[in-house]
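Note that subunit A is present in both complexes that follow, paired respectively with subunit B and with subunit C.
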Partner chain A sequence: MGRPFPRHLLARLLARRVLLGLLSLLLVSIVVFAATQMLPGDAARAVVGRGGSPEHLEALRHQLHLDLPAITQYRLWLGGFLTGDAGISLVNGRPVIDAITVRLANSFTLLLLVVLIGIPLAIAAGITAAMRRNRPFDTAASMLALALAAIPEFVIGIALIVFFATVVLHWLPPVSMVRPGTSVFARPLNLVLPVATLIIAIFPYTFRMIRASMIDVLDSEYIEMATLKGLSRRRIVLLHALPNAIAPTIQAIALTCGYLAGGCVVVEYVFGFPGIGQGLVSAVLARDIPYIQCAVLILAAFYVAVNLLADLVAILVTPKLRSATS
Partner chain B sequence: MDDNKIHSQSLLQHRFGRRDLLRSAAIGGAGLAGAALLPGLSHRAFAATTPKKGGDLRVAITGGGSTDTLDAHTMNTSPDLARVMTLYEGLTTLDNDGKLINVLAESFEPNATATEWIIKLRKGVTFHNGKPFKAEDVAFTFRRIGDPKNPLQGATGLKPVDLDNIQIIDDHTLRVPTKTPFATLPETVSAVYYFGIVPVGYDPKNPVGTGPFKYESFTPGQQSVFKRYDGYWQAGLPYLDSVIIIDSFQNDTAAFNALQGGEVDIYAYATLSLVNQITQGGGLKALVSKPGLYVPFYMRTDVAPFDDVNVRKAFRLLVDRQQLIDQSLSGYGIVGNDVFGRWDPAFDASLVRPHDVDQAKFLLKKSGHENLTVELSSVDLLPGMAQAAQVFAQQAKAAGVTVNIRQLTTDAYYSNYGKWAFTQDYWVYQPYLTVVALATLPTSPYNGTHWNNAKYNGLYDQAQSLVDASKRAEVIREMQKIDFEEGGFIIPSFNQTIDLMAENVQGFESANTGNALGNFGFVKAWLA
Partner chain C sequence: MTRRIFRLLPPGSARIGLLLLALVLAITIFGPAFAPLSPLDFIGTPFQAPNAQAWLGTDVLGRDVLSRLLLGGYRILGLSALATVLGVLAGALLGMAAGYAKGAADEIIMRLLDVVLAFPQIILALLFVSIIGPELWLIVLIVAGFHAPQVARVARAATLRVVEEDYVRFAETIGMSRLRILTQEIFPNILTPLIVEAGLRLTYSIALIAGLNFLGLGTQPPTPDWGLMINENRIGMATNPWPVLLPVLLIALLTIGTNLLADALGRAAFGRDGARTDGAGPAAADGNAAAALADGAGIAEMRA
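Up next, the complex of A and B:
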């Protein structure tokens, strides 16, 4: 049965990681705030554009508390945030959290679909390639992955648009227009091209990762032993090789998720997809500090959480690591 | 109709040739009056048909974001402009030729010294909430804009008005006294985006105006919906059920893709070169505006080297304007002469700026500025703007001037707005004196050239005291002569704005204000 599972140690590890995570979030909020202070201009300037007189600008600055010292502004924001008030947008006076949750839901849908479809696809392809090493499927898949890895995702996105939506065929919508207040699922076709673009973008990395670790494992002695014992190829791969190959891949998947949380910005830009990335870009341009802070913290928290989860799963599936925690 | 024939001929080519377009437009007589709806057109599209009622018009406009607003008087982004001009109306407006016409006003009567105006208002107009439009609403609107505690964008324009002493004579008549003579009140308030009339007690959270469409929904940086206002005062208008303004596109390609994919009906303020992608039978057409928009270079007349009038003159002479139009605007513009107010009845079209590199060199040498090096702070706010800076830098080389371009982001540009020594800006068409108040007086908020000329200032005051338009025009021409000889503006061209749209979109006319969609003429638009 092996050694008993060290639950209390795992709990301690978890607690420490969560605390560290919260600390990094605090640091992130300070860095982001400092960065917004260093950019030229402010929210009042953004609202007024070229259209305002100096008097108007001053009146607005006062109204938005932008005339207070930076430290005071930060303290005011943090105080509100810790008591569950993410604040009001400086530029359009709406509650930040309302604006963010809608966009967040859209981005999360996108991300979830990409992960749910893209990762299993890459894993399956990776395993198949490893099993047929140096045979046509492996060579073709590896070359394709290498080629795709070299193409930036906005190029992929534009190529897909040209082919499927505007110039060659007219099968899919070239942009993801979602009526505010409705779900992206109101028109699932909207999701096809953005999801496809991101799947293509993450495929090479995950594919190569799983292929490489699978090959490592398949070359190991215990697999050779299993083969000599006459176990079926399928059984060997799925039951004996995969669990060991998956551990390093979990880290890769976590990184991919983290990348997707930020990387969807490009895809949202190309497709006009109303997600968190698009909202963030717009907020940065407008120096809308409460919005920037809230959105960045959510993305950072997601990143921290995904990594934590990946570490935990890696520990759970790796006997060696499992015992190392004790 | 002759123009249309010429246009149809050019359609025989697979790709639409813009040179043909301009040539035919020139034949069209009054400027580019004929250059309205152009490429990809079948004859049917020109045929006069009866407008059809109903339909939802989906309009893509880029440039929106979280700063979007529905407030009548703090318009900020291009989509805001579209929204504001859909919801609200002013006392006056400029028609498609830039001529001043009354909208909510019935008449303006000044006293002999232009220090008091009697404004009579249109009867039978109601706001979207059903409240009848009255004199009190005009007084409220003026006071809201000019509120000294929170002056809004139009405050500069209303500065001469004695807001505290506006007198309501009856429901449809006001007496507006001014602190200084103000002969241009009617033309000043024609800028609907500054002076849209709102009802007493107006709250931007409940954006109510008298325009053809009323507020339905609004999400900043995404989409806003406006429904037909059935109580609109112009009988039978508007035709459309609703106007949907979509500004979630962060780049021109996405907006154009949306149009090609049939997700939107119009892509406004299109990138000029995209017109070449409109091919026959593609189901798309272009609305080319008359020239009105301008993108001047500002030379600050109070800092070296531009404090020397010879340098300013040399810079104006070294511009090859037609080449600049061809290269940076894909040909969509007419040559400018460094003087604004192009369609003002008083505009002096006899002032022509030649392209004269030798003279430019001579002036630079005379003023001791041979081999001059300057920095041009450029920004990309409009199609062709950044390219114009590049072309200018190239052309300056011929006169031995090195222009280093500093390409700024929009926010960096605005954070130092009005202070750059040599920079670019943009304006839509407004009458001459209205622009002077905003741009070339010591008190002007957008005085990017830091122009302060005692004689010029005196002429402005004189013009404002003249209620007789022809006498005023004489003074204006004197001012324009000063602009032309000594000013800090380089206006290489008056640009055309292009909107791309599906072929079934009808009713938009070409205007010269520089705004998209025929000065946002949603009121007469319809879907075939």
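Up next, the complex of A and C:
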């Protein structure tokens, strides 16, 4: 400690991590493409069906580039994806990208609401628990977080439906169907249960991270010093402890966003929410390969990007890591 | 024996976890023997309220809910346990090999495992199930495959500590083969972190397998299964809530139970809080701090 950090080494560590991130993105795209190559038959036969004439099949194969070598197909597919052409849905014959853009916007709204409401809530609860360590509030909140951390999202979602929308109370709609062409905000009540489910799902992790890191900071000498100087408890916590406790939590928040890329799939399905995840489940049940490829690639890219961000933040806020390369 | 386990674990949360787990285990193990009717027979109109013939009413196709409930748990538990054991064994082998070999082999093994971690897991599962179909062996392999990289990190970190010990040096000096050193010297000494990790992994296996069943991508109808039951009977919740409510409750109690136990086991073994904040360890030093931080507890790997 005390000596300046070797800045060029820090830059190299960051660059290495970014490169690794890009490499995993590339690998992810190869896995997605290769996996769909393993399918028995091909997309053309799936579109034409059994009754199609051989000429028709051949023409479609040519149109879908299925007559080219796999490596060329991969290049064309990835190139198309990057320029916004993800192929034609096998289910309704319309461009995949059109369906995905609308669903992506819906999912993004959902996730934004979850992060904007859920994270501050978990941070506030975590700080309160840390300040009242081992007192009833802390014990209750910690036990609750431990229990909630284990329950699968679909179980949380169904339990909320049972309680608030069907059996016990009838306050909220049990499904979040949105008529095509209307905004998800047209009926805001539709959003309440999916958002609540995902908030309950992300609460435990953020809560436990901020609580543990706040306890570490509150035990440190400079906080003791501030207390001895006679500063008010609120001032100490908000101005002196929180900035230091929140740094490690930023990474936890980024990881939470990454989790949501997968978490949205099941929760959207539970509520029939018209997002990219629900679309993916439907596509899997209908074996709509171009849609599956596109949705998986987008969600995986989001996941990789957020994890990369989390790592970069971790490197930047952790002195141990900043000097790890020396 | 039971008293010794109770004394080993801190009271409170561990005891609750053990009781919850015992309750659900009892239902899944002894339940099938008590099923009053066949889970596949149609005994009446759909979604009947509980009555003298069907104590918990009937489901979407008019089958006995109680019988389906009693028979719907052991597959989830069995498959989860199998996936966990396979994943932990594979991860332990890879992690020990990486940690003991060091150098290029270490780097290659761990980087390849990182590729698996680059996917949101439920999405990778959807991708493979969409291609191969809803086969149970596939689901066990997928879930085990998700566990292996995380377990490998834990095993590698523990191995790196153990290989410096004198008894390993001694075994090398007297010319013991590398395989024997791995299995007889290193493996027994990294068992504690592995068991703790396996506990966390079990909860996650249950959640993922139940979730895939719920989505209709695991166990197929008409087989009774808690995850599937929830989805099948959702539409009749207002008429007969039991075929939804009870599987929801049982899955929740089961996962809470295993998680409380795993958490208590971790604290008993390492004396640390559920959420690890150190983010350090060998995994962090090679630039994967995020994954290291996510190790142990938390949604990032419990749920993702």
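The working rule: the second predicted complex is superposed on the first by the 235 of 326 C-alpha atoms of A that agree within 3 Å, B and C clash if a C-alpha of one lies under 4 Å from a C-alpha of the other, contacts with A are read in each partner's own complex, and residues count from 1 in each chain.
Rule of thumb we're sticking to: a contact is a pair of C-beta atoms (placed from the backbone, for glycine too) under 8 Å apart; a residue touches a chain by one contact, two chains touch by 3 or more.
Being a predicted model, the structure only gives us computed values, none of them experimental.
**Student:** Please determine whether it is subunit B or subunit C that touches the greater number of subunit A residues.
**Tutor:** Counting contacted residues of subunit A, the larger count belongs to C.
**Student:** Just to be sure I read the superposition right, which of the two partners does A:I158 touch: subunit B = first, subunit C = second, or both, or neither?
**Tutor:** Both subunit B and subunit C are touched by A:I158.
**Student:** Looking at the overlay, what does A:L111 touch: subunit B (first), subunit C (second), both, or neither?
**Tutor:** neither
**Student:** Quick check for you: in the superposed arrangement, does A:G258 touch first (subunit B), second (subunit C), both or neither?
**Tutor:** second
**Student:** Going by the contact rule set out at the top, does A:I100 touch subunit B (first), subunit C (second), both, or neither?
**Tutor:** In the superposition, A:I100 touches no partner, neither subunit B nor subunit C.
**Student:** Based on the superposed arrangement, let me know which partner A:V91 touches: subunit B (first), subunit C (second), both, or neither?
**Tutor:** Only subunit B; A:V91 stays clear of subunit C.
**Student:** Looking at the overlay, what does A:R287 touch: subunit B (first), subunit C (second), both, or neither?
**Tutor:** The answer is both, since A:R287 touches subunit B and subunit C.
**Student:** In the superposed arrangement, does A:A59 touch subunit B (first), subunit C (second), both or neither?
**Tutor:** A:A59: touches subunit B, not subunit C.
**Student:** Looking at the overlay, does A:P274 come into contact with subunit B only (first), subunit C only (second), both, or neither?
**Tutor:** After superposing on A, A:P274 lies in contact with subunit B but is clear of subunit C.
**Student:** Which partner does A:T166 contact after superposing on A: first (subunit B), second (subunit C), both, neither?
**Tutor:** both
**Student:** What residues on subunit A does subunit C touch that subunit B touches too?
**Tutor:** Residues common to the subunit A contacts of subunit C and of subunit B are 39, 158, 161, 166-167, 174, 269, 281, 283, 285, 287, listed in rising order.
**Student:** Mind listing the subunit A positions that touch subunit C in their complex?
**Tutor:** Per the touch definition, subunit A meets subunit C at residues 13, 16-17, 20, 24-25, 27-28, 31-32, 35-36, 38-39, 143, 146-147, 149-155, 158-159, 161-162, 166-167, 174, 201-202, 204-205, 208-209, 211-213, 216, 248, 251-252, 254-256, 258-259, 261-263, 265-266, 269, 280-281, 283-285, 287, 289, 292, 296, 299-300, 303-304, 307, 310-311, 314-315, 318, 320-321, 324.
**Student:** Under the touch definition given earlier, write down the residues of subunit C that touch subunit A in their complex.
**Tutor:** For this pair, the touching residues of subunit C are 13, 114-115, 118-123, 126-132, 203, 206-208, 210-211, 214-217, 227, 230, 234, 237-238, 241, 244-245, 248, 251-252, 255-256, 258-260, 263, 273-277, 279-280, 284-285, 287-291, 293-294, 297-300, 302-304.
**Student:** Which part of subunit A faces subunit B closely enough to touch in the complex?
**Tutor:** For subunit A paired with subunit B, touching residues are 39-41, 45-56, 59, 89, 91-92, 94, 99, 158, 161, 165-167, 170, 173-175, 177, 179-181, 269-272, 274, 278-279, 281-283, 285-288, 291.
**Student:** Quick one: which bits of subunit B touch subunit A in the complex? Just the residue numbers, please.
**Tutor:** 65-69, 74-77, 148-153, 155-156, 217, 219-223, 246, 248-251, 253-255, 257-258, 260-264, 410-412, 414-417, 425, 445-446
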